[in-house]
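Take a look at the structures listed below.
Heads up, the next two complexes both have chain A, just with different partners, chain B and then chain C.
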Partner chain A sequence: MIEVKHIQKKFGRKTVLKDISFHAKEGHITCLIGINGSGKTTILKSIMNLMSVNRGEILIDGHQFTEAMYEKVAYVPDVLTMPLHMKIKDVFQFMRDFYKSWNDQRADELLTFFKLDKNERLKNLSKGNLAKANMLFGLALDVDYILLDEPFSGIDMFSREQIANVFTTDLVEGRGVILTTHEIHDIEYLIDEVVLLNNGFVVNQFNVEQMREEQGKSIVDVMREVLV
Partner chain B sequence: MFRLLNFEFNRIFKLLVGLSIGVFGIQLISVIISTISYKESVIESNLREGMTLQEIVETYGLFEAYYITLNNLFFLPVGICAGVILFSIFFIWYRDWAGKNTFMYRLMMLPQSRMTIYYAKLLTIMITVLSLAFIQYLYLYIYAIVAKLILPSQYIGSLNPSDMISQSSLQVILAPDTLLFISAYLIGTLFVMMMFTLILLERSYKFVGLLIGGLYLFVIASLIIGFIVHQYIFNPYPYFYKTELVIIAILAWLILTLITFIWNRHLMKRKITV
Partner chain C sequence: MDLKFDNRTPVYLQLIDYFKQVITSEEMALGEELPSRRELASRLKINPNTVQRAFKEMEETGLIVTERNLPSKVTSDKQIIKQLREELINDAVDELIETVQSVNVPLEDLLQLVKQKYQ
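Up next, the complex of A and B:
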């Protein structure tokens, strides 16, 4: 389980995260929802130790973050993380060289799933295919948790569908996923847990199924109540 | 660490090859100009005026190592290399943040110490500099052969590369004394580390970091210049003995390297963000 406990993050005088606490379980898809600038990316970066927090702590399976955790948690940011001149197969080699958790078989399965060509250079890929390749580099790691920042933003409908579909396959299932998105309609059916952020606080964390059964509300209904 | 060093070095390798070719091309032209101009102005013109071979050599001397680096064009590519290396110190970091892709994400998420990134970049710069210096040294042998091909052998004196170095500004990059050579490159490494401090401060604290880094470099530069001015300009007699100066220089290098390294380590491990 990823536990975020009372974290605070300031940028200069501006406090973006005032007091954020939530948890994300293994095997569940947890979605961070909030308006632009609510600190979703900052939270993901803080979990990955790519940014230091001013207060609070983050635990992964009960432990503080160490460099070895990058074999346990993968992060797919909303930008490509490899040099553009590289071919997909060169990236595979790079990942194989540096990560024990790199799974070649899974990488090939994902390549087929996303219909990508191993010999293609990253700079020649379309925006949708770049997003898929970026995701592939994260998903092909045998990690327990995957953090995805806006995996559906700025790409066409069919690529979006393809990316959403991967969540229902065994390429992702069983792992803990934290994602941020604006395109909540397309993936509402995938999400298990929602963490609603507003003004630097978590205003609500709920289980989607439970909310639907007990109160008859969808994610958008709750968002409307809280954020509008 | 060597995997990342290999990766970083491969990214800069084309630049190294380009520089090596550029240096060779320009310096070769410079050497040819110097040699032909010696041949025309010293040998041929005097032969036309009736001087004998013996008289020409006695009056003007032989074509020695000194003539190889005589033309200012010879040092143009050395200056260009220095500029490119200075640019690379910044480029090697900033390219990982800039553009459509942000490779720094991947580098920072590698399951190994963040300092590996630092060492890989530092060593890449130092290996590039040393490679260029070594290549420059090898080229001197080729230039000697070129001069021998152009000039009649009777006019050629010693074209020993070490003389070419000791009789020109090349001694700045290829100090003839081993200890001096090592010292120069240790100081060079410290300079690169200090530039890294500036970059890491900017990446950690943006504009404020740049100011702090600038101030740090200004203070260090002022102390060094102040010391030199005090030692050699204001005092009629140098204040310290030579051995004392060596000890002071070693201590200063050690202290500065240590401070810079610890600061860089802190910034790498705790402060830089992506």
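Up next, the complex of A and C:
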């Protein structure tokens, strides 16, 4: 389980995260929802220790972040960070050199799933395929947790659908996923938990099926209550 | 398999209702194999945990049977299917009665209309 406990983060005088607490379980898909600027990316970077927090702590399976966690948790930023002249297979080599947890077999399965060609250069990929490649590099790591920043933003609906479908396969199943989005339409029936962010606070965390069962509300119903 | 979900009702319950419907209508035969959990999740684009939950409930009520390492199957117990049919009919009639009672339709008129439309 990833536990985020009362974290606070300031940029200069601006407090982006005021008091954020939530948890994400293994085998569950947890979705951070908030409007732009609500600090979703800052939270993911804090979990990965790419950014320090001013207050609070983050525990991964009960432990504080150490270097070894990079083999346990993967972070897929919203924009691919690899040099664009590289071919997909070059990135595979790069990842293999950097991560013990890189799984070649899974990488090949993902290539087939996303219908990508490993001899293609990144700069020649369409935006949708670039997003899929970006996700592939993260999912091919044998990690327990995967953090995905806005995996659906700015790409066409068929690519979105294909990316959403990967969550129903064994390529993801059993691992803990935290993803951020401001648009839940594509993934409404895929996610287990929702964490709603507003103004630097978590305004609600709930299990989606339980919310439907106990209160007869959809995710958007709850969002409307607390965000509008 | 055409299944449209309502986003305000638990998806696992909608899935169970779907199976109840196809089993009682004999679209699925007694003892027929169900698709695997993952295949269903993938086909319906829903969370595998949700499918797992629906299967678990259906196993508990005896609607489906899962033996170790084998695909789940529709029960072969005719008694369970019979009971399910009765339940389904009862629920439908209850719902009908509730609706027509709220607009004060006399029983005779209702029966007549049902007879007329049933063909």
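Here are a few things to note about the model shown:
We adopt the following convention: the second predicted complex is superposed on the first by the 228 of 228 C-alpha atoms of A that agree within 3 Å, B and C clash if a C-alpha of one lies under 4 Å from a C-alpha of the other, contacts with A are read in each partner's own complex, and residues count from 1 in each chain.
By our rule, contacts are C-beta pairs under 8 Å (C-beta built on N, C-alpha and C of every residue); 3 or more make two chains touch, one makes a residue touch a chain.
For clarity, every value in this text was computed on a predicted model and none was experimentally measured.
Superposition model on chain A: chain B and chain C are shown accommodated side by side without a clash. Applying the stated contact rule after C-alpha superposition, one finds that A:S52 touches chain B and leaves chain C untouched.
With chain A as the common frame, chain A serves as the apex of an angle whose CA-centre rays point to chain B and chain C; its value is 160 degrees, to a multiple of 10.
By the document's definition of touching, neither partner reaches A:G128: not chain B, not chain C.
Of the two partner chains, chain B is the only one touched by A:F98; chain C is not. Within the superposed three-chain model, A:G39 lies out of touch with both chain B and chain C [touch as defined at top].
Applying the stated contact rule after C-alpha superposition, one finds that A:E188 touches chain C and leaves chain B untouched.
Of the two partner chains placed by superposition, only chain B is touched by A:L84; chain C is not. Once the two complexes are overlaid on the shared chain, A:G176 sits clear of chain B and of chain C alike.
Taking all C-alpha atoms of chain B against all those of chain C in the superposed arrangement, the shortest distance found is 29 Å.
In the superposition on chain A, the residues of chain A contacted by chain B and by chain C do not overlap at all.
On chain A, the positions that touch chain C within their shared complex are 27-29, 161, 164-165, 167-170, 173, 188-192, 209, 212-213, 216-221.
Across the complex, chain A is touched by residues 3-4, 7, 11, 99-103, 105-106, 108-114, 270-271, 273-274 of chain B.
Residue ranges of chain C in contact with chain A, taken from their complex: 5, 7-13, 38, 41-42, 44-50, 53.
Residues 45, 48, 50-52, 67-71, 74-75, 77, 79-84, 94, 97-100, 122 of chain A are the ones touching chain B in the complex.
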